[in-house]
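Going by the order they are written in, the chains are A, B, C and D; count residues from 1 in each one.
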Amino acid sequence: MARGNARTVPTQDRAPTVQQSINKVGIEGLRTSIKVMRDGELFTYLSKIDILVDLSENKKGIHMSRLVESINESITLKAGRTKTSLETLGAEVLMELTRRHPFKSAEITISTTLVLERSTPISKRPTYESYDVVAKVTWSENTLRKYLETSVIGNTLCPHSLEVTGGKAHIQRCELKLGFDVKIDEDLLFEKLIEICELSFSSPTFTVLKTVDEAHLVEQMFANPMFVEDVSRHCLDRVLGLGIEGSVLIKATSFESIHKHDAVAEIRRHLKKNKSGSIDVL
Amino acid sequence: MARGNARTVPTQDRAPTVQQSINKVGIEGLRTSIKVMRDGELFTYLSKIDILVDLSENKKGIHMSRLVESINESITLKAGRTKTSLETLGAEVLMELTRRHPFKSAEITISTTLVLERSTPISKRPTYESYDVVAKVTWSENTLRKYLETSVIGNTLCPHSLEVTGGKAHIQRCELKLGFDVKIDEDLLFEKLIEICELSFSSPTFTVLKTVDEAHLVEQMFANPMFVEDVSRHCLDRVLGLGIEGSVLIKATSFESIHKHDAVAEIRRHLKKNKSGSIDVL
Amino acid sequence: MARGNARTVPTQDRAPTVQQSINKVGIEGLRTSIKVMRDGELFTYLSKIDILVDLSENKKGIHMSRLVESINESITLKAGRTKTSLETLGAEVLMELTRRHPFKSAEITISTTLVLERSTPISKRPTYESYDVVAKVTWSENTLRKYLETSVIGNTLCPHSLEVTGGKAHIQRCELKLGFDVKIDEDLLFEKLIEICELSFSSPTFTVLKTVDEAHLVEQMFANPMFVEDVSRHCLDRVLGLGIEGSVLIKATSFESIHKHDAVAEIRRHLKKNKSGSIDVL
Amino acid sequence: MARGNARTVPTQDRAPTVQQSINKVGIEGLRTSIKVMRDGELFTYLSKIDILVDLSENKKGIHMSRLVESINESITLKAGRTKTSLETLGAEVLMELTRRHPFKSAEITISTTLVLERSTPISKRPTYESYDVVAKVTWSENTLRKYLETSVIGNTLCPHSLEVTGGKAHIQRCELKLGFDVKIDEDLLFEKLIEICELSFSSPTFTVLKTVDEAHLVEQMFANPMFVEDVSRHCLDRVLGLGIEGSVLIKATSFESIHKHDAVAEIRRHLKKNKSGSIDVL
């Protein structure tokens, strides 16, 4: 682009009219296909990617194509460079970006859906269950961190109505979102977060259900009445049990069957290891 | 715009390279505020409007600003020109458009939400319930027609699970969409369509519910188990009872509490008056 | 489920209260992972699936779990049963379903995103471009058909404003949707539909663009001004050139940069082969 | 509900199994119609409302119906209790709630759309422009604050491409979101935030545009090239000019016409009045 004196400096690198830094500049909604090799098996994730960096007060713009090139450089599964998770891949993109563009802070967010094989509870048939996940890697103050989030579909059976109506109660679909921001090398898997969520509902949900499975789930709901408040608290309780430092976000949303609106409960906590090795809740 | 020989003909009115007619050209997603006067009371509807006309094979484009001007001319509540419904307003926009732009067929779709005052079933408290509605007016073969559609939130209690589990059952939020395409002067109100929908669920829903109301609704659900198939059929049955000619679209969507996916049932029928004055279902 | 006299007949198989047939019953929004083997390469598609069948007037409900089982039976990549496209997989699911559930008409809709490798126009760098696609297979009157649809992102440069403003013009992102309903064994690929769409804009779009590529695309836009009407017509013209029978749906949506609303053009045509082997447009 | 010894304490007021406080519990997605009287004119806003309170570690649940009743109590336009803005109405709902339910922190978020009358820039025709707005009122540490946010549609013309291509450039729709969290009695109007946004683009947008207006806007774009970074900085510069303390959030999103993804720039700042009365940026 620099084709003469007048344009020695690319437009992006000149001083802006308003000399203010920008917290996050970049691209959102880039969709691509990501390959991850885990335990010898290749997984392909159709993903949406957002990638953002800070911009200092004396530069007019960032070079956006370099962000995309850093992604393209890393998503190609090259020999000897196999990534084992979405978050290690995100970290690699940010490291690749350090060689191409200046920044003090950066983040990459990869959103996709995991499909896991399960068995139905009683008939033991194979079923495939889907879970929306977000893997975000941040670089700030020379430190990489990862944020893993999953959204799981379950249900709530209202304890208040069960008591008042004498064994009858309204039930509804409930979505539980659990996000955990931890050290980049923390041993934390999406599968563990999904398991915690599925245990926090009145009952989990399945894609295939034969009559015996359906009956089992309905019995489980009635044995396990829960407000949306209970779902969020039980989820927190299990996260505390992991013994991991970090920041946790929990949001349960109940698509009420007796109302047109939703009921929600949201918990945020900072978890810190104390001297004895156990977790303090802040 | 015509400022000399070279541009005597506006770009839009020239011949296109590919001489094919276009079924629908126009604008989508125009949002504006609409005023309707009914029974002496003024209602204001924040709306999304789509307006589309056909285009002949020998014109390059339509004059889009004239579509918007026809809307603006009609939505302003002028003395002596009070509109009494969204659909009469839609018809007026199309009539205004005939004075501004040529077309053989045209349609305007107004999407908004009605908020109706209700009482809770037992405690008799005031509650405000919302219903998404669509009023579409079409002009084709020199005939105006209207299509009224409403989406109502209720619930389903699974009859199969009620039977198998001996009095327990899964329940979920259910949305019922009912659309009816009828003659422009047919005596049909959104309120009637909403009423039909609300009667087709295991129970209706309310925004405010005190404990006695909630207990009442739960009892009603258990007394009234329904598959999503039942919801759509009961809705059709009540539409037939109106004795009105036209095309009906019914779609019930149940946001399953035991699955991650939705269960749906869709019915389409053409209703025609026979010689004896009753309705034939085609 | 049939555990005694009282329940010899499952709830679903009993007579409904309102004895009306239902056009489409089934499930929507099932998300799963689909594997397709093409030209020796394995592709994995994270997909959303809808599957629907008709229901006769004398059955209360369908057996929904059998729909999901038909999907699960087919998506698993078994030895010797490799599927080569989404639509052959869809057809297989419907055939599997005939062995499990009665129906007169059925349809399965698989929605996913293709990610294709491209090169940037001038700098020839690798870039990955994403395209939303829908593969729908229908069974009706003992005939299988397929409907392939793709949505492609390009842009429009307004010809009217280019002329009036003397070489300047407004430009915006444009989405072009092209759907084609054809015989199940018609030789039609998503890649061909995508190519047609990309050639119908003022210019195509790319995920990576270096300065020379960007300059090239901007020049291409100004050399190729197009109304949203032009985009839809050019697309139709290229579809006619395929010489294939079927029903075509084209919709161009321009996210106007001078308006808050969108401009759209929609064309529907039935294409039929005549005796001389060429295509008649109906 | 308390109808005897066994149920003296409502379910919600009992101790939960997991004794953790919850940051936010309540309802989301309640839709209703809100009336505001301003300068003698009555405005009706179809709105979506979220209302949330904290819950202490020793209560199992909140009483959700009381949240809705507080809304219903306040939205009714009673004589002598006229509200003059969405945010004073939000504050009134929270004050009403203090009489019905205990909480330490609470928030209500009202989302709606303003439709303002404008004139087209040259032809001076009337046009109605829509702006999504959010009015949020928070109660925390015995202090009420308000957060006003607006989203405005404009456009960006790329300065880099304008320079490289010699007078040609790509243009696209751009959305600018501006939110400002300030003291409850701060003199700040949505109209002022909208004005700031509209001045921060390459050009504003209008619903009606005659040819002379369109030409004027296109000239304005080319005279005013802007990266998405420039849009966010110019917006911040104008917010600083207001001389108001508070926390500002700015996010510009450019729906790129040469890419399938979006370009974004986000700025967050805390503005604090210093001793000399001018604003320090933190």
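What we mean here is this: a residue touches a chain if its C-beta (ideal position, glycine included) is under 8 Å from a C-beta of that chain, and two chains touch if they have at least 3 such contacts.
What you are looking at is a predicted structure, and each value in this text was computed from that prediction instead of being measured.
S.K.: Which chain's mean C-alpha position is the greatest distance from chain B's?
M.R.: A
S.K.: So which has more C-beta pairs touching, A-D or A-B?
M.R.: Answer to which pair has more contacts is A-D.
S.K.: Any idea how many Å lie between the Cα centroids of chain A and chain C?
M.R.: Taking the average C-alpha coordinate of chain A and of chain C, the gap between them is 29 Å.
S.K.: In whole angstrom, what separates the CA-based centres of chain A and chain B?
M.R.: 37
S.K.: Counting in whole Å, what is the centre-to-centre distance of chain A and chain D, each centre being its mean C-alpha position?
M.R.: That pair's centroid distance is 26 Å.
S.K.: Residues touching two or more other chains, restricted to chain C: which are they?
M.R.: 1, 10, 30-31, 130, 160, 164, 207, 209, 211, 259-261
S.K.: Under the definition above, what is the set of chain D residues touching chain A in their complex?
M.R.: So the residues of chain D touching chain A come out as 1, 7, 10-12, 16-18, 20, 22-31, 52, 55, 60-62, 64, 159-160, 163-164, 227-230, 232-234, 236-237, 253, 259-268, 281.
S.K.: Where on chain B does chain D make contact in their complex?
M.R.: Touch list, chain B to chain D: 1, 10, 30-33, 43-46, 65, 68-69, 72, 75, 112-113, 115, 125-128, 130, 207-212.
S.K.: Using the touch definition from the top, list the residues of chain B that touch chain A in their complex.
M.R.: 129-130, 153, 155, 160-161, 164-165, 167-174, 203, 205-207, 209, 211, 214-215, 217-219, 221-222, 255-261
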